[in-house]
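Before I ask anything, let me first share the structure, which is written out below as structure tokens.
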Amino acid sequence: MAIFADKSNKVLVQGATGHQGIFHIGAMKEFGTNVVAGVTPGKGGQEIEGVPIFNNVFDGVSETGANTSLVLVPARFAKDAVFEALDAGIKTLVVITENIPFHDAMEFVHYSKYKGAVLIGPNCPGIASPGKTKIGILPGQIFKEGHVGVASRSGTLTYEIVNSLTEKDIGQSTCVGLGGDPIIGTTFIDSLNAFEKDKDTKAVVLVGEIGGTAEEEAAEHITKHISKPVFAFVAGRTAPPGKRMGHAGAIIARGKGTAASKIKAFEKAGVKLAKFPTDIADLVEKYG
Amino acid sequence: MKLFEYRGKELFDKYGISVPKGRLVKNEKDFSGLNFPFVLKAQVPIGGRGKAGGIKSAENLKDAKENFSQIMGMDIKGYKVRKVLAEEKVNIRKELYLSITLDRSKRMSLIMASGEGGMDIESVPDEKIFKEWVNPLIGIQSFHIRGIVSKLGLEKEEGKEVAKVISKIYKLFREYDCELVEINPLIIKKDGGVMALDSKVNINDDAMYRHTDIEPEVVELTPLEKDAKEKGIAFIQLEGNIGVIANGAGLTMATLDALTHYEGKGGVFLDLGGTDDPEKVKQAFELMKKAKPKVIFLNLFGGITRCDSVAKGVKAVITKEGIDCPVITRIKGCNEEQAKDILKDAGLITGTTLQDAAQKSSDLAR
Amino acid sequence: MKLFEYRGKELFDKYGISVPKGRLVKNEKDFSGLNFPFVLKAQVPIGGRGKAGGIKSAENLKDAKENFSQIMGMDIKGYKVRKVLAEEKVNIRKELYLSITLDRSKRMSLIMASGEGGMDIESVPDEKIFKEWVNPLIGIQSFHIRGIVSKLGLEKEEGKEVAKVISKIYKLFREYDCELVEINPLIIKKDGGVMALDSKVNINDDAMYRHTDIEPEVVELTPLEKDAKEKGIAFIQLEGNIGVIANGAGLTMATLDALTHYEGKGGVFLDLGGTDDPEKVKQAFELMKKAKPKVIFLNLFGGITRCDSVAKGVKAVITKEGIDCPVITRIKGCNEEQAKDILKDAGLITGTTLQDAAQKSSDLAR
Amino acid sequence: MAIFADKSNKVLVQGATGHQGIFHIGAMKEFGTNVVAGVTPGKGGQEIEGVPIFNNVFDGVSETGANTSLVLVPARFAKDAVFEALDAGIKTLVVITENIPFHDAMEFVHYSKYKGAVLIGPNCPGIASPGKTKIGILPGQIFKEGHVGVASRSGTLTYEIVNSLTEKDIGQSTCVGLGGDPIIGTTFIDSLNAFEKDKDTKAVVLVGEIGGTAEEEAAEHITKHISKPVFAFVAGRTAPPGKRMGHAGAIIARGKGTAASKIKAFEKAGVKLAKFPTDIADLVEKYG
């Protein structure tokens, strides 16, 4: 098993014919992902890495049975692309696009709820369930099939952590990149609930950062509802207030969203915290 | 983008929310046409200007001249005052607080109001702040406004006026892709009527492309940060002396944290993002050099990014232009070995682990 | 409310959709300022006016005068022509069909377009009509427009123009609470540019209260129906001679159906709704009398409505003003017995069942 | 059992202090409905028939645990009232109000789907599960507990049919008034699916009328998915095209929505049709 993504995902790529689209269609296929369609308006009829390209999502879905979309379109077209996918019946969306206006994200996050779809991102690297599927731009070579679930607000930091797990021969059930924006579709709590239910997941790693209160809410949720061991790393302990630290969501505003507050909440919930990202693997080895 | 008070008020005016009669004053001539008493307000993108002496009354021309020359050019928490707003005084009967902001957890707009206006909202007790969440699928509805207004202890006519203001600021908030619209205080005047005495309007940078009527005014950034922004590089100047270059915001933050662990202090946050384009790497390094750090710490994890490609970019800069501070590198991931070779070849110091490299950098920066 | 073509076009103009240069003409003087050739078009709230001779060309003033006098005042499917629109002719390169309507099943707005414009859309084969549904939670999006425009076989620039029109009519459709906005044909002119040659705009009656700029113009109703509408009574004149009064729309329809079963024919549909207010009943009866049916059939089911209360209202009218046609009644439900007594007392004929009463009414109406 | 409404519904009435509100709070309580709260802005603190009145739905819900709302407010306030109820966590809504602009209804019908709520109406008489609860303005005295499910687009016509069932001693599981508007929240198909699952329902009566294609869709659905016997009456066989027959939804437009088409579809689906509304009871007695 795995969460959110497995062998049943038939992936359509929106924004398939760009540089990123072409590269990642190849990389996903190499990982074993069932990529069935691409969409770029006006480019229907082409093929990328053996994958047929359609002019719109509706055609892609009806011709190939795609149930999942990877959204790679530029920020100003992202809302339209997500709405199109949802109206075409897509049930799992992974939105990689960065710099989407957050009012757009608010709308499509709620619209995906209305449609009963899982939306991961935006501004995320995607999701990988080793041995099953990878939907996104995560580097395939760092993963190893196993029993640790990872949910993270950061991209490279996740790769770093996953890589160190794999180096210690600790495999992963699913790694979800939740996204670095203030408004995201799938949260720590959603991931924790899914990992809790997933028989193949034995421990969970959360990678948080400054900004918002997602970690504090996750901590409270862990205390009440999660029985599996949880480990965490929080980035931004030394970030100054009022500055956006690279991610749109990584900002300490009006005294809220500090790493100290998040670390305190996690500690209170019995979550084991790593000082350095690469330490997570040691903690999991010791306690997981 | 944070708008100056006067620009926020221009938007208020556009949406039919009353603001005091006033204008930007550049010199004494600009006072003509304004009735005494008026207030002179420093335009800075930060709170607390009142306490810092950035707001002064003028009862007469003499006051006005004196106070204007004091405020213009003063320094408020690192921001030099370059613009001063003069506004006629208004007779206040009651001060309210009103704002709309983003609730990240609920992923909705959050309207907050309080009968306790005029002070920092953080200092108002929670039970005196009334909240309504607006789901983006339906937008603002009468029930949201009723829910707030009914609790502010207003008279009927006052309530109706405040209701209109809420509806208007929501419209502004939504249409201009705001992160925050705050009116503190929103006042009820002695002669009736509701007026915004201050404005905080913060527009989502990612949405600026569709608000071409708003002239960008990047007031919070240092010159180097502005330069970086134009080049599309995530670059933040901090108080320390170690320049951190890493790929990914989370990793860059974690690198700064690691330095702190070894009593080093980050002076620059530079996130390369997903790029391994040597040209982009070169630009980043040039920016970093201009920030004059004592040490540069390059921390790379190669996922999709190939480390060797980044290393080539770094080597090119250093070979061509030289570098006058030590560069510590820690390289992991895709094409790690080739990258290490290239960097060693360029004379850079390579750490074995993140901890090792962070410690080396911190030691060198002392 | 169905708008006349010229009023629909006024709305098109408001939303920036081009329409031919034209004006309402009341007499020959109004032709000045229009260039020949132009078209004279009868303004009637029903289709098929072309075939009925309600649209005529004018190459010169003589034509115009002749044709104008033919059209003005003519009868088209029961509607007397009281308004004539004169419009300059346009050179047509291509005719399209475009509409937005309500999809009751999906509970969404439905955009339909076809490359086959200018004819009745019912006669266009299904595979040549392209459809997009707009969910009210998100409104129109680029993908809807792309989805339609890409299938119409247009050149790039034409497609862009048509896309704009779709976006504009959706705005009109939504903002004016329309049931239907149809442009048939939407033309591509020989010299480029897209123009609406006809308009059908139908505004939801229930939403008219928020469109006070639209002057109501109840063109489809008979004088009695207008009177009823003002009184808030559901009253429709039909072709038969039996006046049906019942409570509830479904029951009133079912009563008409029952009459047909016995070869009777309903002449009035009058739905009392949920009322048992004697004053309302009196008004209803007075309206019914004005319609001069041969027989009146009163069919009541008392649920919340008390039958005796309705019966009292009926008795009051009949006792005071008399009635010159037989009234058959069928009463069932709440306070049925009292009601029957009251009506018998007023000299009305009471049926035992719906079937019995329907048969009696039909027999008497023959 | 019953569908959509039973003893678990704790009913809040929006528009409680008007003439209709006061009357029907009494009538519902008499039927056995658990009416727990009323809402009229500005009238909080009053009581109607022993039921506390609140200024807003949120307060009503948090004070009384109401999970159901009966909406009796005037048409121009209906959308706001429905949104308020849904945002306050109400999961079953019965909208009695007539003359609601249909663009408003479209919005709140989809928003209720997003909220996972059941919305019945608008322009409907409500719902009654005899022996359990009644949420709406249907006359209580006509019902009898039993095993026939009724779903209807018409009010009085339903009362007529239910009354004739009860006179023949044929009880009802649930009677749903779906509403006479073109846009309604709960359809024949929704009702059929619920009746099919409901153990206490042995036969279903549908009361249709001209306008739209709800009956045709129901007929197709019956053929594919419904095993219980279905009976129907369709009003408006003699209605002329282009005229709204009392209900906003009862109109034959552009050749669509005729009774003939609906009757044909039902016949094809094996649904037994009554000529007169009062005949339904005979049919159910004979075949049900």
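Each chain carries a letter (A, B, C and D) given by its place in the written order, and its residues are counted from 1.
The rule we apply is simple: a contact is a pair of C-beta atoms (placed from the backbone, for glycine too) under 8 Å apart; a residue touches a chain by one contact, two chains touch by 3 or more.
All of these numbers come straight from a predicted model, not from anything done at the bench.
Counting hops only between chains that touch, subunit B reaches subunit D in a minimum of 1.
In terms of C-beta pairs in contact, C-D outnumbers the other of C-D and A-C. Note: the chain lying farthest from subunit D is B, by mean C-alpha position. Separation between the centroids of subunit B and subunit C, computed from CA atoms only, is 56 Å. Mean C-alpha positions place subunit A and subunit B at a centre distance of 27 Å.
Mean C-alpha positions place subunit A and subunit C at a centre distance of 53 Å.
Counting partners per residue, subunit A has 107, 110-111, 114 as the residues that reach two or more other chains. Residue positions of subunit C touching 2 or more other chains: 135, 137-138. Across the complex, subunit A is touched by residues 133, 135, 137-138, 141-143, 146-147, 150 of subunit C. Subunit A meets subunit D in the complex at residues 110, 113-114.
For subunit C in complex with subunit D, the residues that touch the partner chain are 102, 104-105, 107-109, 122, 135-137, 174, 177, 179, 204-207, 209-210, 234, 236, 238-239, 246-254, 256-261, 265-266, 269, 271, 273-274, 301-304, 332-334, 353-355.
Residue ranges of subunit D in contact with subunit C, taken from their complex: 27, 75-76, 99-107, 109-111, 114, 137-139, 141-142, 152-160, 163, 180, 182-183, 207, 209-214, 217, 233, 235-240, 243-250, 254-255, 259, 275-278. Within the complex formed with subunit B, the subunit D residues making contact are 41-42, 55-58, 77, 79-81, 83-84, 87, 107, 111, 114.
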